[in-house]
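Going by the order they are written in, the chains are A, B, C and D; count residues from 1 in each one.
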Amino acid sequence: MSPSSSTAPAPAAAPVAQKPATMAQALNQALRDALVADPAVHVLGEDVGTLGGVFRITDGLARDFGDDRCTDTPLAEAGILGTAVGMAMYGLRPVVEMQFDAFAYPSFEQLVSHVSRMRNRTRGALPLPITIRIPYGGGIGGVEHHSDSSEAYYLHTPGLHVVTPATVEDAYGLLRASIASDDPVVFLEPKRLYWSKADWSPQEPREVPPIGRAVVRRSGRSATLITYGPSLPVCLEAAEAAKEEGWDLGVVDLRSLVPFDEETVAAVVRGTGRAVVVHESAGFGGAGAEIAARITERCFHHLQAPVLRVAGFDIPYPPPMLERHHLPGVDRILDAVGRLQWEEG
Amino acid sequence: MTVLDTPAWRPRTEAGPLLPDAAPFRLLGTPEAARLAPALLTELYGQLVRGRRFNRQATALTKQGRLAVYPSSTGQEACEIAAALALGPRDWLFPSYRDTLAVVARGVDPVEALTLLRGDWHTGYDPRETRVAPLSTPLATQLPHAVGLAHAARLSGDDVAALAMVGDGGTSEGDFHEALNFAAVWQAPVVFLVQNNGFAISVPLAKQSAAPSFAHKAVGYGMPGRLVDGNDAAAVHQVLTEAVDRARAGRGPTLVEAVTYRIDAHTNADDATRYRDDDEVAAWRAHDPVDLMERELTGRGLLDDALRQRTADEAEALAAALRERMHDEPRLDPMELFAHVYAEPTQQLRDQEAMLRAELEAEQQS
Amino acid sequence: MSPSSSTAPAPAAAPVAQKPATMAQALNQALRDALVADPAVHVLGEDVGTLGGVFRITDGLARDFGDDRCTDTPLAEAGILGTAVGMAMYGLRPVVEMQFDAFAYPSFEQLVSHVSRMRNRTRGALPLPITIRIPYGGGIGGVEHHSDSSEAYYLHTPGLHVVTPATVEDAYGLLRASIASDDPVVFLEPKRLYWSKADWSPQEPREVPPIGRAVVRRSGRSATLITYGPSLPVCLEAAEAAKEEGWDLGVVDLRSLVPFDEETVAAVVRGTGRAVVVHESAGFGGAGAEIAARITERCFHHLQAPVLRVAGFDIPYPPPMLERHHLPGVDRILDAVGRLQWEEG
Amino acid sequence: MTVLDTPAWRPRTEAGPLLPDAAPFRLLGTPEAARLAPALLTELYGQLVRGRRFNRQATALTKQGRLAVYPSSTGQEACEIAAALALGPRDWLFPSYRDTLAVVARGVDPVEALTLLRGDWHTGYDPRETRVAPLSTPLATQLPHAVGLAHAARLSGDDVAALAMVGDGGTSEGDFHEALNFAAVWQAPVVFLVQNNGFAISVPLAKQSAAPSFAHKAVGYGMPGRLVDGNDAAAVHQVLTEAVDRARAGRGPTLVEAVTYRIDAHTNADDATRYRDDDEVAAWRAHDPVDLMERELTGRGLLDDALRQRTADEAEALAAALRERMHDEPRLDPMELFAHVYAEPTQQLRDQEAMLRAELEAEQQS
């Protein structure tokens, strides 16, 4: 590697992503734009350099910004996150890639005992602006350890932001916002949406959404589906299919689990009086538990039925051949909607 | 005279040379090879040829969608085979995700060994029965398992050794370090085999380690380190056999680095041309483990056309059987998803099971 | 260390704990009795040998059973749990001690990717009967990293049992049951109850409760407090104090979070129609979220008010001087009970 | 000629001796000590005496409930002092939980340095301003931080080195391994100081490591390892200064093992008689860092009664100031609990803040 970043080639100015773009391209563009915008931004992880990452999210970054701005590390996740802490202490803004969800676990101690607490421990003197990108979730036919949904571990850890985009546009905007944040962000990328496309291009930049604002993707009067990340397209599909049953379903995309935008969610649920939370991680102790419990606390007297959850089973993530039975699908969501005690409404 | 001059502060032995050899140990093509038993050489040869064919067949099966993914060990067959053959029947093998070949060479049914890679959810074989741990995907995590098992055997007065395999990349993980340290402190009967194949996916050795060799890491744990030509099946076999014997004799763990090369891409899904030159691959093809063995056998007059043909036929038969047996998709019972999470399913799992059962019945009816 | 366990001295038969006994003594006795009952049981961890552990839970075990049955390991938690996996693969029953809650984090990958999944991965061929003892929670004036409540991480991980005693008697019984279980158990010891005393002695062994059964510690007609581990005494105290307010509060002690005994809890809550979940870990995404969400799903039409939660704040565990503000106390519990919309009842 | 004979497969240098010295390096009491500047020796002496007094005072403060806990470094003052003095003003120190003394010797206000141990919730000092990382309780976790910071400085063309401290027990953690490996691969300007004080709480060295020395671990990372008498302040200072200079010169990391002894119990709450013999403590008392320095100064005629008295007075003044300033309990504002979790508190934290505020107001009124 070159001894100093001054030897790195001048950053490529031209955007790479073309309309329509995939989520993978939007993420790549966000990293490029962040690297151009701020010399403190450094990307590091396993295979992020020459290879461009196993999902090609960092494609071309080492070529265009030099090895020092986009660095292949030794194979050790605690080491990656631990050195990122040190880099952030110095004043850099590391963007770390964990290769797969389950391979972030070795860095758990660094995450919980340091990343999440350094600002607090130093009374604000040492914030750690680290973005930890983790491809997560299933639906890609991955073998063991390649499809975990680990958001519940992170959202229960005070001091971390937990962000997860569900659209191409949000992937760009939320990643830019995460890198710009002075707080550590666990940025969960729904890997099965990497190849989803949208009519989006970096040439027409749109407002970067602030972290912590949910968005109503579809409004509906009968009931509300509350979801995030990989389950958003499924919920939209379910809402479409529900029309046949005579249900007008709204869909809220949380976009970040921490901060959790309880104002937006509570307002929508108050309007419908019925809600189903949908996510693919194991249901027991999952994000849906917090969402359901909190919404119930806030909206109890507006509820016609309990807030239900449609989630993955409480089992280790199943093999490719069985994952369709595990993942929340349209039918299971509609079944849950059907159980919302309509007769009493 | 201070306390530092007493043996108390440094209670550990320093007998024997601390550093491993600087050059990898070799046998094939050297005068030493003359004393190797013909039966061993022909056995290794047969295994190498079958192993190579197995790798090719398994890769082909990924193209046909019969395997979800296959990390080939082509070019590394000598390590795989030697690891399996160095073990006695009651010893344990702890493979990493790339080591299907070692598992098969140890005697596990090939289809069982491929179960996980096939998209099924379990190891296929019974680890206790076969004395082969599950192929480990989280890198280096299997190394402390091997230490614990070896330690438990030793505590039980049981004459069992463990051999654990890891890649050059895997040595960077904390688990590698913790496993070696526990093994050395406990004097556990375990052998660590680092297959240094030059890459961790796309990351070359120089970005992984600055050590003179991985064998040199042994020094820092107080165990012997051996460096061996990983494409020389006889050399790897000898070094591992010695290390296993040493372990079994209660003399503690050994770290072995086998220098080899991954000829194929990381897996069938990888494009290795993105990060390495053909020249490098060509240079290693000229030091091929199967060729090295063929040359040795030929030199000693042990390889005639008949043996060559019979070996090739055996390899083809193995491949054909694999194709045949892997032809049908495995039929997985979704209801079994709940069966092995706990000894007894929890109430919540029983509820989820009931829901899925109802869905499946509804599916069948429609 | 001696080369083989055959050199270990004969196990001490005489119980050590005398009436009244502390929870620490009951745990020590449980380990002793397990070591005597089954030669496959091995205790390992940092300082568990000569020192007897920093909380003295393993006091005298190395002396009485030998270094091979109670082993001081090198200082590496992933190594401890990882070698325990191997020992269990061989057929032993390791009982691992993590010195403090936060120091279990380095072993997180071993726990999630191996301990919790080995049985499933091998179709039942390789169960891992490992007990992982973790002193947890606050209230002891500990400095940073010594008071974490980490149960939410564990209960969301399928394949683990999560057990936590709140009484001296349960400490003995549940630890024996955990060691006897063929499944891995995360055994959370409420460290501030270590010195709590009860009129219990091993000379009068009582039935070991099966893992997974909640117990009604106090029945009450107005509302139900649902809790576990370190918060049980606080809830009992609150229930006592509530009498002054005219409330007759019941208290349920879960004893295990996985399996979660939803039958018992739902039955009790159906009876009162009002419930508050109490625990000291951070509320957001904590165990209380699951309990509240699940009970609401099951008892919605019996509820007079939303299930409320009284939990720790969503902050890193505070320093000794401020922990009283963080921990759920009697007042905060009574406040929550007060918010249970009594007028509408 | 095979690919193994080409330099390609082993691109790393092997220049210089690979193994550290077998015996710890010493200066005090040796002829070499003659060339040490008197000013350095008297500076080290003053620091040692003040450091010892500081340890004693801090331990006393635990008895009075003024500190929640104190892990004393009595017996290890030479390492603590030398670590602080080896650094330039812009370098960074990464202490472990036992290293308050090094932090104070580096110039941090003692009361600030004791903030966490006092039962307060933050580091007290500003790490960026003082260039001292928070005292790290989770063992070895601070080592990768030091590597990352040093690497970042180097990438920025900034002439900064980092020195990270860890105990013998801490070397067993995976983070130790990962940090050393990253440092060596990145050639980061960082120095690792292992204070081998014989124990990790109750666990003696022999149960922690089987290596000939911790300095030998350097071999496996491709960095120099140095072994030094940790009670010889001049020797530790020299070895660390050389290592820091080497790092600053772009020549990469160094691993230093300082052999020393923990004279006090693990912390004030520990009873060391449960696991070690008085004889051992006595043997190490005969090799005391303060005594060693006094003898050297006396031998060179640098220590007269006046200096001795002045030094003792300074130490007493320091202790008195500490007692005085630590007399009052710190007043912590519970409302600040919510202030630094994030740059901006979340809605949930604001709600919790409001609840606590209401409670506190109610408390005050009642």
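General remarks:
Operating definition for what follows: contacts are C-beta pairs under 8 Å (C-beta built on N, C-alpha and C of every residue); 3 or more make two chains touch, one makes a residue touch a chain.
Keep in mind it's a predicted model, so treat the numbers as computed, not measured.
Two chain pairs, A-B and B-C, are weighed by contacting C-beta pairs, with B-C ahead.
The most distant chain from subunit C is B, comparing centres defined as mean Cα coordinates.
Centre-to-centre separation between subunit A and subunit B, using Cα means, comes to 36 Å.
If you average the CA atoms of subunit B and of subunit D, the two centres end up 41 Å from each other.
Taking each chain's centre as the average of its CA atoms, subunit A and subunit C sit 32 Å apart. The residues of subunit A that reach two or more other chains are 73-74, 76, 78-79, 102, 105-106, 109, 113, 120-121, 144-145, 158-159, 258, 260, 284, 313-316, listed in rising order. Those residues of subunit D in touch with two or more other chains are numbered 121, 138, 172-175, 177-178, 181, 185, 207-209, 341, 346, 348.
Contacts from subunit B toward subunit C in the complex involve residues 116, 121-123, 126-129, 133-134, 138, 141, 143-157, 162, 174-175, 178-179, 181-182, 185-186, 250, 336, 339-343, 346-348.
Chain contact summary for the complex, subunit C toward subunit A: residues 78, 102, 105-106, 108-109, 112-113, 116-117, 120-121, 144-145, 152-153, 155-156, 158-159, 258, 260, 281-282, 284-290, 292-294, 296-297, 300, 303, 305-309, 313-316.
For subunit D in complex with subunit B, the touching residues are 2-4, 6, 8-12, 14, 18-19, 22-24, 172-178, 181, 184-185, 187, 198, 205-213, 216-223, 229, 259, 261, 280, 283-284, 286-287. Residues of subunit B touching subunit A in their complex: 68-69, 116-117, 119-121, 137-139, 169-170, 172-175, 200-203, 207-209, 274-275, 329-330, 332, 334, 337-338, 341, 346, 348-349, 352, 356, 359. Within the complex formed with subunit B, the subunit A residues making contact are 46-47, 49-52, 54, 72-79, 102-103, 105-106, 141-146, 284, 313-316, 318-322, 325-326, 331-332.
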